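The letters A, B, C, D, E, F, G, H, I, J, K, L, M and N name the chains in turn, as written, and every chain counts its residues from 1.
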Amino acid sequence: MDVLGLIGIASIFTAGITIAIGSIGPALGEGLAVSQALHSIAQQPDEANTITRTLFVGLAMVESSAIYCFVVSMILLFANPFWNYFINKALEAGTGKLKR
Amino acid sequence: MDVLGLIGIASIFTAGITIAIGSIGPALGEGLAVSQALHSIAQQPDEANTITRTLFVGLAMVESSAIYCFVVSMILLFANPFWNYFINKALEAGTGKLKR
Amino acid sequence: MDVLGLIGIASIFTAGITIAIGSIGPALGEGLAVSQALHSIAQQPDEANTITRTLFVGLAMVESSAIYCFVVSMILLFANPFWNYFINKALEAGTGKLKR
Amino acid sequence: MDVLGLIGIASIFTAGITIAIGSIGPALGEGLAVSQALHSIAQQPDEANTITRTLFVGLAMVESSAIYCFVVSMILLFANPFWNYFINKALEAGTGKLKR
Amino acid sequence: MDVLGLIGIASIFTAGITIAIGSIGPALGEGLAVSQALHSIAQQPDEANTITRTLFVGLAMVESSAIYCFVVSMILLFANPFWNYFINKALEAGTGKLKR
Amino acid sequence: MDVLGLIGIASIFTAGITIAIGSIGPALGEGLAVSQALHSIAQQPDEANTITRTLFVGLAMVESSAIYCFVVSMILLFANPFWNYFINKALEAGTGKLKR
Amino acid sequence: MDVLGLIGIASIFTAGITIAIGSIGPALGEGLAVSQALHSIAQQPDEANTITRTLFVGLAMVESSAIYCFVVSMILLFANPFWNYFINKALEAGTGKLKR
Amino acid sequence: MDVLGLIGIASIFTAGITIAIGSIGPALGEGLAVSQALHSIAQQPDEANTITRTLFVGLAMVESSAIYCFVVSMILLFANPFWNYFINKALEAGTGKLKR
Amino acid sequence: MDVLGLIGIASIFTAGITIAIGSIGPALGEGLAVSQALHSIAQQPDEANTITRTLFVGLAMVESSAIYCFVVSMILLFANPFWNYFINKALEAGTGKLKR
Amino acid sequence: MDVLGLIGIASIFTAGITIAIGSIGPALGEGLAVSQALHSIAQQPDEANTITRTLFVGLAMVESSAIYCFVVSMILLFANPFWNYFINKALEAGTGKLKR
Amino acid sequence: MDVLGLIGIASIFTAGITIAIGSIGPALGEGLAVSQALHSIAQQPDEANTITRTLFVGLAMVESSAIYCFVVSMILLFANPFWNYFINKALEAGTGKLKR
Amino acid sequence: MDVLGLIGIASIFTAGITIAIGSIGPALGEGLAVSQALHSIAQQPDEANTITRTLFVGLAMVESSAIYCFVVSMILLFANPFWNYFINKALEAGTGKLKR
Amino acid sequence: MDVLGLIGIASIFTAGITIAIGSIGPALGEGLAVSQALHSIAQQPDEANTITRTLFVGLAMVESSAIYCFVVSMILLFANPFWNYFINKALEAGTGKLKR
Amino acid sequence: MDVLGLIGIASIFTAGITIAIGSIGPALGEGLAVSQALHSIAQQPDEANTITRTLFVGLAMVESSAIYCFVVSMILLFANPFWNYFINKALEAGTGKLKR
């Protein structure tokens, strides 16, 4: 099998596993933060505005980890520099010399 | 076996495992958040509106992790750029030259 | 063994493992939410309606993760795009050329 | 060994492991919910009806995850589309050409 | 080794591992539920009937997961469709052609 | 090595591992239930009869999981349908043709 | 190496691992039950008899899981049906034909 | 390498791993029980006799799991039935025919 | 396959797994910190400013771990020194001598 | 490599791993018991004698698990029956026939 | 493949995995510390200065672990002594003798 | 590679892993005991002597597990009976016959 | 590939994994200690000096574990005795005889 | 590859992994002890001297586990008896006979 296929398989598998593992931590962390926010609102309704604002800033920080993973996953699928290099080389070499 | 088959197998396996692992974190996180929301409503019924609204915003944030995984899983099944590349190359090369 | 068999085996294994792993998180998360709902109803019976309604919305959100997994599992079993591609190619090539 | 045997082995193993892993989450989640329901009834006997009804709706939601796994397991054993395809092909090819 | 032996080995191993893994969740979940039931009876002896009844319904739900696993395990041992197919084919082919 | 030996090894290993893994859950679950029963008796000695009766019913439910595993383990050792099939076939084929 | 050796190795390894893994659950479960019994006696000394009696019945239930494992382990070492079969066959075949 | 060596290696490894894994559960369980006993004595010094007696009976039950493992480990080292069989066969066959 | 392909595959896989594993800790740690911040604001609303400021400094420290991982992941994808070395060597050697 | 070397390697590895794994449980269990003993002495200084005596009996029980592992480890290193058998056989066979 | 490639692959993989695993502990530890700092400020606002100063010193200590990992990761990527050795040897040997 | 090398490698690896794994349990157990001792001294300063004395006896018991591991580790490095046997045999056989 | 390359790869991988795994424990332990220090300062501000001083001594002890790992990691990268031995031997043997 | 290289690789890997794994337990245990010491000082400032002294003795005990690991790690790197044996043998045999 040529190198393009292996690069493709590695990219497919890594793209999936990256976002899959990368969603565990943020989801739990956000669940924890939201859960506590609701508890705090029930405890101190007058501070609901401050709590909600701090919650959203915090959620954005936590979500950033998930977004890093999503970005890497998307780069691997649609802007993979290694895939692009080999595609270009294959085009230059022409169809006749493709199989190395 | 040709490269198309291997790309297909990798895509099938990754699509499944991505959404499977990716559903653990969000499901637990949402369960945690919903659980606390119910506790808070019981504790402070007058704030049920604020709590429910904050809960839904929070759930949407947590759900986003699961949706990232679902999106990657769907891309791998139905809009797989690597699969498309090899399908196109196979079409160009014609049926007679398919087997490399 | 031809590529069809391998695609089939990968689809069978992935379909099963996807829904198996994917049911752990939602089941635990829903159990957590239901458990807290019952606690809240016992604590604040007057709010049973609000609690039950919020519970069902929350359960629907959590269940969505399990349903994503079930959908992917069903797609792999009954609407597998990779399997369909190879079935079609096999039909085109005719029975005589099936074995590659 | 022919492809039919491998499909069979994969189906047997996956059918078993699917329901085995898939029963962990629901069983724990239901145990949690039932456990809390009993606690709530003891705490607030007057609400036993509401609690029991909510419990059964919740248990049905949690059980649905186990049922998804059981359905996939049964499909793999008795309505396996990949097995059916190869059985049909084997019948068409006739007994004399079975061994590929 | 012929395919019958491999199918047999896979069935033996899967039948055992299915019920082994599948008994962890239900046993823990039932232990949790029974444990809480006893606590609730001690706390509210007058509701012992309601608690016991709800406990038994809940245990039946949890036990259902274990029974799914037991059913699949028994099917694999005594009503295995894949084993039956190959036994029938071996009988048809006759003893002389058994070894493939 | 002939198929009988492999079936035997698989049966030995599976029989052991089935009851080994299958004893973890029930033992912990029963320990939990017994532990809580003792706590409840100490708390509410007048209800000792109800508690003990409910405990025994619960223990029987939990033990059933361990018994399923023990049954499968015994079937694999002493009433193994796959082993019996191959023993019968070996007897039919006669001693001279044993080695395949 | 002949089949007797492999059956022997599998039996040795499985006998050990069965009782090793199978002792984790019961030991923890019994520790839990004993621990709570002591707590209950300290809390309610007048009920020491009822507590001790219930404890011993419970310990017997938990111990049964460990005894299942011990029984399987002893069967594998001293009454192994698969080992016996091959020993008998080896005796029948006579010493001269032992090596297959 | 002859079969005696492999039986020996398997016995050595299994003997060690059996007592190693088998000591985790009992040690933790006994630690738990002793720990609670000390707590109970401090709480109710007048019941020290009852507590100590119940503790020792409980410890004996828990220790039995460790002793099962130790017994199996010793059997594997010093009264291994499989090793004895092959030693006897080797003696019968005489030194000249030892190497099979 | 040439060395460029292997370097590419290793870079793709490591880039994904680095950010995936590296997002678990920070996401949970930030969730913990945000969760406690909300609790503290609800408890002591007058100190909301100090709490929020300390929270943001702390989040920045925790986020730094995730950023280290993201930086390494980006270096591996877009500024990989090993990839660059081999690309340069391949260019120097010319296309004709590429395959070593 | 001759069988003596393999027996030696297996004994070395097993001796180490046995005491390594076997020290985890007892160390934690003893830590738990000592920890609670100190707590109890601080709570009830007048019972220090009873507590200390019960602690030492309990520690001896827990330590017995570690000593079983140490004994097996020492037997494997210095009184290994399998090693002795092969050493004796090697001596009997004489140096000239050592290599089988 | 020459040794340079393998050194490169090992460096890429280790650099990623080092910072990925190395970020789990510090992130959780810092989250714990920040979380407690916020709790303490809310509890004792007058000591906010002392608390914040101690927090920052502590965070610096915890962060040092993450920085050790980042330093090793950067050394492996940009100042790898083993890579440099082989690059130099390759330069000395000249291009013609590169492939050993 | 001769048997001496393999014995050496096994001894090196086992010596390291034995003390590494064997230090986890004792370190945690001692940490637990010390931690509780400090708590008890703070709670009951008058009993500091009894507490400290009991702590040191307990620490010695826990440390014994770590010392068993260290002893085995040192035996494997500096008084390895298997290594000594092969060294002696190598000396007897003389340098010329070393390589078997 | 010559031995230098393998020593290099092993050193790279071990250097990374050592500091990565070795940073988990210290980071968590320090986080725990800092967290409790802040709690104690808030609880007893007058003792802030004693607390801070004890904290720093304790942190230094915990950090020592991380520093051991960092030292070993640096020795493996920059003062590796095994690497130095083989480099020296390679220099002595001269370039021409390098490849063994 | 000669035996020296393999001994070197095993020593490098074991030296790293020994101190890495061996630092987890002590670091957590010390963190636990320091954490409790700070709590106790805050609770009982008059006993700060006794607490600090007991803490340091305890930390020394816990640290001893880490030091055992560090000692083994250093022995493997700089005073490895197996490495020394083979180095000496290599020197005696002379450079010409090195390669066995």
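In this text, a contact is a pair of C-beta atoms (placed from the backbone, for glycine too) under 8 Å apart; a residue touches a chain by one contact, two chains touch by 3 or more.
As the structure is a prediction and not an experimental result, all values here were calculated from the model.
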Original post:
Which number of steps is the smallest that gets you from chain B over to chain J via touching chains?
Top reply: 7
Original post:
In this assembly, which chains make contact with chain F and also with chain K?
Top reply: none
Subject >> Centroid distance [mean C-alpha coordinates] between chain N and chain I, Å >> reply: 31
Original post:
When the centre of a chain is set as the mean of its C-alpha atoms, what distance in Å lies between chain A and chain J?
Top reply: 48
Original post:
How far is the middle of chain A from the middle of chain N, if each middle is the mean of its Cα atoms, in Å?
Top reply: 38
Original post:
What parts of chain C, by residue number, touch at least two of the other chains?
Top reply: 2, 11, 13, 15, 17, 19-21, 24-26, 28-33, 35-37, 39, 41, 43, 55, 59, 66, 69, 73
**OP:** Classify the chain contact graph as line, ring, star, complete or other.
**Re:** ring
**OP:** Mind sorting the chains in ring order for me, with chain A at the start and chain I directly after?
**Re:** A, I, K, M, N, L, J, H, G, F, E, D, C, B
Subject >> chain G-touching residues of chain H, taken from the complex the two chains share >> reply: 2-3, 6-7, 10-11, 13-15, 17-22, 24-26, 28-33, 35-37, 39-41, 43-44, 46-47, 50-51, 54-55, 57-59, 61-62, 64-66, 68-69, 72-73, 75-76, 80-82, 85-86, 92-93, 100
Original post:
Taking the complex as given, what residues does chain D use to touch chain E?
Top reply: 1-2, 4-5, 8-9, 11-13, 15-17, 19-21, 23-39, 41-43, 45, 48, 52, 55-56, 59, 63, 66, 69-70, 73, 77-78, 83, 87, 95, 99
